[in-house]
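Okay, got some structures for you below.
First subunit A sits with subunit B, and in the next complex the same chain sits with subunit C.
After this line comes the complex of A and B, so read on.
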């Protein structure tokens, strides 16, 4: 372990970590938002739209993220889409994960017991109110654990961005390893950084889940 | 209040209701009994059109529900807005309570008042509190459903339906999912409703309750009303072999 080298490269490693977190956060947010939109549009039950969304999901789930990213970054200019590496990385992460998030939200909607919706229908609630007040909260609660899980998976997919020269953690590590011939130190430091990130995310997720379940299990505190 | 005539309903190739006729008058309490799978629940669910029907008609206070007669004599599905208008007048209580788990008992009762009746938060909360008091759950207003017993959940569900001030109430096996010692508290609430003159159509396996509270009993088997009349008639004087057999099984199971 060469601490002197690690110390010397600390600024670039930290900036790489920052870029990783940023890409992951922005890409994940884009993916969640897009996935949610897809799941909602799917509920409109318009057959042509549904088929289109199905194709979208199958394409982005069915091909490797690396291939998608290359197509977007290197193939983009052919159709006039010139993106910076980081922008391409964020959009790539967003598109790729949106396919998974769409399926997670679909599962969340499917997990809402039909009876809860019937109860709302039977009192004469409007479809929008049923969705907004009954279906959506229950679906989101059901979808929360798999969403957190997918965000963790996504945090590790960010390493792929190094291939299109996004200056994230993996990229900085490779630079350091190449310049100083310290492959083991670099990989070890990287593992620590990623573990920190994932641990942070899963702790946050657990706390969120605990809060959501607690508020349904506990008697609400008197106002 | 409810007039059902010649009601037919199929699920695919399976005929669930075969020409059912049934009338429930104002303030009348009618219990539907019969073996499982006989079509009782489906019949009940046709009354507020949670289940569509294929032929015949269901009228609430004279108004056809679920369909509209077009000028050319054909029938078309009722507009969603008008269907909601009608459903607001019909309270329904489900076997599995169907409370919304992410809302407290109070919110469960107040939510429809706000969304459907358009009451303000404080008006809705006041009425919801009054309703919870009526079913004996004043102290549980802040509790979420998962913290309530089955009997308490069902009483909240009754309060939720009642708060809308419906003209009639439908009960779909309201005590079937309850532990035996919790059945009584729910039946008590229903009994008091009946004595206050609420029009009620109840699918139940509680023969004792049906015998004491119902004005009339309809026995359904295989999608048909096999026998109908005062409790005394159905329980003790029915000539229908299917009814006698059903009640005999019931007695055998409940005697010790």
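After this line comes the complex of A and C, so read on.
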């Protein structure tokens, strides 16, 4: 271990960690939002739309992320889509994960007892309120653990962005390793950084779960 | 593009796809058993079991699969535990996937109405029976979309087991690329096999969902 090298490269490693967290956060948020939208559209029961969404999900779930990223970044300019590496990375992460999130939300919605939605509708709740106060909290109890699973998978998937030259942690690590011949230190530092990230995500997930459970308990209490 | 490269190496690719499928399916099945056990531990009333399950998930979800595989295959050998390559591959996939699957199952079981387990207790069901006949079937129906997600991720992650010397789809595609100097064709051929297996998994999931939904009605 050569801490002097790690210290010297600390600014670039930290900025790499920042870019990683940023890409993961933005890509994950985009993926959750898009996945939620897809799951909602799926509930409209329009056969052609459903088929289209199914194709989207199977394509983005069934092919490797690296291939999708290459197509977006290197193939995009052929159809007039010129994206910076980081933008392409965020959009790529969002599209890729949205297919998984859509399926997670679909499973979550399936866990909501139909009677609750019918009851909410029959007491005159507006469709948005039914979704926000009845369907979503009940769906999240089943969906949150897999959502956190997927966010963790996604945080590990961000290393792929280094291949299209996004200056994230992996990219900075490889630069350091190549310039100073300290492959072991680089890998050690990387393990620490990614463990921090994953641990942070699982803590966030546990807190969210506690909040949803508390919300459900609050609502269930007779007024 | 020279598609005949794919045709010439079709036999190798099919064989390699068989290996990928075998390793993945074994990893999925063993991972499901581990996942169910960890999930039951985390939902039990014994504090030490809950703690133990939490540590398991935290460790195996936090450690990258590649590191886990290298650890099992190379590091354990230092201490005289010689794990065969195939066992290391399946074990690594199962240990890692078990952590993810346990979380998926835990969410699904939390979503089944508590009244059901309570009425089963009131009717005199034993603990094992409650899990087998009441909780797991419902949890399975809710969790199938997420489980299929996880199976597809595992299948793609199985490309990593080539580091312990298993000739699976990605490794064989690499070999074909270096033999023929046609990387594009070799990798497209490999990718088509992955896509075919994943579509099969998704179709199987849809079928299982239909069956379980039918049982409920």
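Everything that follows uses one rule, which is that the second predicted complex is superposed on the first by the 198 of 223 C-alpha atoms of A that agree within 3 Å, B and C clash if a C-alpha of one lies under 4 Å from a C-alpha of the other, contacts with A are read in each partner's own complex, and residues count from 1 in each chain.
We adopt the following convention: a contact is a pair of C-beta atoms (placed from the backbone, for glycine too) under 8 Å apart; a residue touches a chain by one contact, two chains touch by 3 or more.
Since the structure is predicted, the reported quantities are computational estimates derived from the model, not experimental observations.
Colleague: Quick one: classify A:32 as touching subunit B (first), subunit C (second), both or neither.
Modeller: neither
Colleague: Thinking of the overlay built on chain A, is A:91 touched by subunit B (first), by subunit C (second), by both, or by neither?
Modeller: neither
Colleague: Scan A:129 for contacts with subunit B and subunit C and give back first, second, both or neither.
Modeller: first
Colleague: Between subunit B (first) and subunit C (second), which does A:118 come into contact with in this model arrangement: first, second, both, or neither?
Modeller: So A:118 only meets subunit B here.
Colleague: Return first, second, both or neither, reflecting whether A:5 touches subunit B, subunit C, both chains, or no partner chain.
Modeller: A:5 contacts neither subunit B nor subunit C.
Colleague: Of the two partners subunit B and subunit C, indicate the one touching more residues belonging to subunit A.
Modeller: C
Colleague: Check the residue A:138 against both partner chains and state whether it touches subunit B (first), subunit C (second), both, or neither.
Modeller: Both partners.
Colleague: On subunit A, which stretch or stretches are contacted by subunit B in one complex as well as by subunit C in the other?
Modeller: 113, 138, 141
Colleague: Under the definition above, what is the set of subunit A residues touching subunit C in their complex?
Modeller: Result: residues 58, 61-64, 67, 100, 103-104, 106-108, 110-111, 113, 138, 141-146, 148-150, 152-153, 156, 191, 194-195, 198-199, 202 of subunit A touch subunit C.
Colleague: If you look only at subunit C, which of its residues touch subunit A in the complex?
Modeller: 57-58, 61-62, 64, 67, 100, 103-104, 106-108, 110-113, 141-146, 148-150, 152-153, 156, 191, 194-195, 198-199, 202
Colleague: What does subunit B use to touch subunit A in their complex?
Modeller: Counting only subunit B, the residues touching subunit A are 48, 50, 80, 84-88, 90-92, 94, 96, 98-102, 104, 111-112, 115-116, 142-147, 157, 160-161, 164.
Colleague: Please output the residues of subunit A touching subunit B within their complex, sorted ascending.
Modeller: 113, 115-116, 118-127, 129, 133-134, 137-138, 141, 215-222
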